[in-house]
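Quick heads-up: structures coming right below.
After this come two complexes, each holding subunit A, first together with subunit B and then together with subunit C.
Up next is the complex of A and B:
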């Protein structure tokens, strides 16, 4: 196994493209190193991207935020502007693992690990985030929901890696929220999760919504029916009931050691309703 | 020894050291990382040992081909059951232990060891495991206790015929033992009752969840002598068992115990240790074998899963007229008597005219179970206390008053036979009734539960050496493993007896060649039995000290008494002499007869039974079924709390483990009989934020069979939580919780079933 720590994204992409064996990108390492210790993966090449300029920076501009691929999740919560604009995203990222893990893990890693239960991914999708992907041939941008294609699978091609996640600027009278269900209070993995992002008009009517479920299908689900259920409402009880029903209907979960199909389907609706209430309040809506 | 010295009521008034909260001798090393745990030892030239395990729940081992593995460079030994000839001389229990350590012909559970390797490093050992080719013939399996007891269930062992029945069964089965306890006439008792409640309960399998995995470093010399450094609750027992299994002489196998990162009963049994010794013997090099967390879950000894039926009848005035229970426990793939222990403890808190319990012990395709803190009692208490709660409510009586009315007391014939001496169940209930916790208001979606628990406690074989150093300090060699601060408590007892300060006394855990046999630290015996032996050893040392003072003074020893850490001459002839301190006598030991020491050995019978009452407040989310513990109180009789902080620690630790068991911990098996959650991510012990501060109240009802009145305190605290928490969730949700753990999916389902 080789370990490389290039200082430019181009060099990193070159190393990844050239490797004939199994190549892995190392940012926080909270998934990769655990898998290596467990004997699940045996890399031939590890490319550490932490020495690449900008990878550990959060940049704010008129267009929003650019979060480098090696920014540890705990750094997100230390950025006041980001926390104010996207509290749901920041909360989601800081539910991953433990405090110690949060000091290392990154949202880009959380996304590329492609677990259906990834905490930051539903919140990023609800926020309308995009990722920047680079390769030796150039770079491209795709929506976060187009990155994960299955359990442990992404749309990234050989030689490509994520350099940053881009969050749009916060719209006035908008708010986001993320809730996950775990049996314990922390250090656990989502049994089911939900992110909601809403924008309101001056009267508190929801004009736009994005509702995303986690851990109930092979990838996070952007549930358009759930968004339609609350657009044009002030999140009254009837709208919330329709939202919950739409979320439950969208679930395609499995029975496993963490929860049953029945439980995940039911609780997806409960979390959607609760997350919507928080997002609505953050957007300035009053119920 | 005078009669007074065994009367705790007279002795306890004089305590100077006992009852204080001194610092433990192992504390600094533990918090700074110096303490040596099982995996921290190293020997020159040591190899890495790894074990190949069955992926099948039940399979015939047709062939094991190790030829490729042994040829791999760096591999120094490969062993299978062929390397363990039968030295058990017909002892079926020892053969079960051996067969569990290494499968003999059949793999009986997912994780059962089938071969092991020793290699120069872990990577080579891992490669070698992949080169071992095992041919299995998969057999039908059974993992559920009730299914295992069905007539058509796959039978694990052709030699098991149910023990304990009046007639020997005609066929082998998984039902290895039948038991019955009780007295009176339950049928007549139920006829007298105004209200009879019957309920069935289930509890899932849990693991002790100790943080330190098993680890052993073994070195067998060509001359047949051997050493082992190991994490264990009983190094003498490991020594004896390993010597038997490997055909070694016990005096030639010297076992040194490491510090222990938790055991709770799970380190009372050998698993990897005979393999490490056998690998070392074959490789002629030291071998270290350390389990991974996955191996700890799959291949060590969790506690039973159970299925229990309870029936209790009572009159309207609150008198229980009859109590009956049938308890079915699985002991894993080898015979056990865990159901029998459950049957003995089930109704032990109550004074019952008519009581009967029936136990059925079964084998299943799961790992061989081991003790887990008051083994078998928590599940029995869960079933009984829930039924008690339901009966009380059904007759319109406060559940605590109902329990007080029926509580066992001194002179009660217990449900398992013996007549009780002075006991603490009544006082813990009264203390609970008067506790501010019982009166505190409850919030939305919250419920309060209270429950009682019992544990026998155990005494066993113990011996202790007390040695006075030339500078006038004191060392103690004890043979019981210190799992919860016993080195401090034992030093306190010796300081108390000698009349010196705690800082002048230090205790260590001696290796197996330095002391006589000591039973392991189980049954809450560590501090109880070791302090008893230590007190007697200190008194023997005092006899020596008095003799030496008499020699120095040239007066009869009968005219020397020992008090306040010094020899005092007494009587009209010698009363004016200046007392001789321990330090002064020690300084002259070379001239007065040599080193000063005291030794004592005991079988510490009559450990003194222990009772507790717990109160739990739980908030249950009606939409998700998730429960959070909001407040928790433990009230327990300690006899005499030698070191109150460590007693409180035991109370809190037991409650924490019981809460985890009540809410989320469980072994999840797939249809293929394989364990699905062999990791702390999906085997959910509570994390810090899951628990409130666990409040404790120590009651002291002296045990007449210990010089200071001490009772064991380590186990009883895990007995009531399953019951207390489930009754609280029942009160929070309005639906009786009959299946532990009350994981959110299970609770939500129970609420939805109720709605329909």
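Up next is the complex of A and C:
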């Protein structure tokens, strides 16, 4: 195995494109090194992206936040402006693993590892985040929901890698939230999860919503029917019941030791209702 | 082959050459003779190999030695000030917050990282801060109480 630590994204993309064997990008390494230890992957080349300029930076601008691909999740919660704007995203990222894991793991890695139960992914999709992808041929931006295509699969082509995640600027009277169900209080993987992002008008009516479920299908699900159920309402009980029903209807979960199909389907609705209540309150809505 | 690395461990400049896929835990234990960090699981679940890397708590089993060039590492071996134990170490002893001791270096590093960030944590914050460290002997109550006692002493 070779280890390279290029100092430019272009050089990194070149290394990935040229490699004839199995090449992997290393940011936090909390998935990659575990897979190497287990023998699930045997890289011929590891390209460490942490020495590339900007990869460990969180940049705030009028357009929102650009979070470098190597920013550890713990650094998100240390950024007051980001935490204020996107509390749901920051909370989701800081549910991943332990403090030790959070000191290394990244949202870009969480996305590219493509686990259906990835905590940060539903929150990023709800927020309308985009990812910047670079290759030797150029760069492109795609919505987060267009990255994961299946369990452990992404739409990234050979030689491409994620350089940053971009969160939009927070709109006035908007709020996001993320909740997951786990059978313990920490250090676990979501059995079901839900992220909600809402915008309100001056009267507290929901004008826009994005509702995303995790761990109930092969990828995170952006549930448009669930958003429609609460748009035009003040999140009254009838709207919440419709929201929950739409979320349960969207679930295509598996049965495993951590949760049955029935359990996941029901809890998806419960979490959606609760996450919507938090997001609504954060947006300044009063129930 | 191998990667030549220069880094700082517990304030000392160190140099080593390691295979590309060797993890920091093995570098510390087998090349630098620092056997305080322990391998429990090797997959980032147990925290026995916890060290502080550039100011952040990490599992040294999930870091490559090759990544360490120019980095600053703190391990349990650097915690005491000569013969004088760190308050966390002293309170772990006074409070019998260990039995076999395999998890203890990891708990101490995690507790140290927690108190640097939050000198006056609640019990809940301590339990969450130490959730990445597993102890299979003592249970966690004595450990939590030792951290509370050390935090109190350190706040003065």
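The working rule: the second predicted complex is superposed on the first by the 287 of 287 C-alpha atoms of A that agree within 3 Å, B and C clash if a C-alpha of one lies under 4 Å from a C-alpha of the other, contacts with A are read in each partner's own complex, and residues count from 1 in each chain.
Methods note: a residue touches a chain if its C-beta (ideal position, glycine included) is under 8 Å from a C-beta of that chain, and two chains touch if they have at least 3 such contacts.
Here the structure is a predicted model, which means the values were calculated and not measured.
Enquirer: Can A:170 be said to touch subunit B (first), subunit C (second), both, or neither?
Expert: Touch partners of A:170: none, neither subunit B nor subunit C.
Enquirer: So, does A:34 touch the first partner subunit B, the second partner subunit C, both, or neither?
Expert: second
Enquirer: Applying the touch criterion given at the start, work out whether A:240 contacts subunit B, subunit C, both or neither, answering first, second, both or neither.
Expert: neither
Enquirer: Touching A:72 in the superposition: subunit B (first), subunit C (second), both, neither?
Expert: Second partner only, subunit C.
Enquirer: Could you look at A:48 and tell me whether it touches subunit B, subunit C, both or neither (first, second, both, neither)?
Expert: second
Enquirer: With both structures fitted on chain A, tell me whether subunit B or subunit C touches more of subunit A's residues.
Expert: On the superposition, C touches more of the residues of subunit A.
Enquirer: Would you sort A:103 into first (subunit B), second (subunit C), both or neither based on which partner it touches?
Expert: Only subunit C is touched by A:103; subunit B is not.
Enquirer: Looking at A:189 after the superposition, I want to know if it touches subunit B, subunit C, both of them or none. Which is it: first, second, both, neither?
Expert: The first partner, subunit B, only.
Enquirer: Is A:263 touching anything from subunit B or subunit C once the two structures are fitted on A? First, second, both or neither.
Expert: first
Enquirer: Counting only touches as set out at the top, which of subunit B and subunit C does A:282 meet: first, second, both, neither?
Expert: A:282 sits against neither subunit B nor subunit C.
Enquirer: Considering only the contact definition stated at the top, list the common interface residues of subunit A for subunit B and subunit C.
Expert: Correct list for subunit A: 185-187.
Enquirer: Looking at the complex, which residues from subunit A come into contact with subunit B?
Expert: So the residues of subunit A in touch with subunit B come to 39, 181, 183-189, 191, 256-260, 262-263, 266-267, 270.
Enquirer: Which bits of subunit A are touching subunit C when the two form their complex?
Expert: Residue positions touching the partner: 1-3, 5, 26, 29-30, 33-34, 36-38, 43, 46, 48, 50, 72, 74, 97-101, 103-104, 185-187.
Enquirer: What residues on subunit B touch subunit A, complex-wise?
Expert: Answer in residue numbers: 126, 623-626, 628, 663-664, 668, 676-677, 681-682, 684, 686-687, 689-690, 743-745, 748-749, 752.
Enquirer: For the complex, give me every residue of subunit C touching subunit A.
Expert: Interface residues on the subunit C side: 3, 20-21, 23, 42-45, 47, 50, 53, 56-59, 61-64, 66-67, 69, 110, 113-114, 128-129, 131-133.
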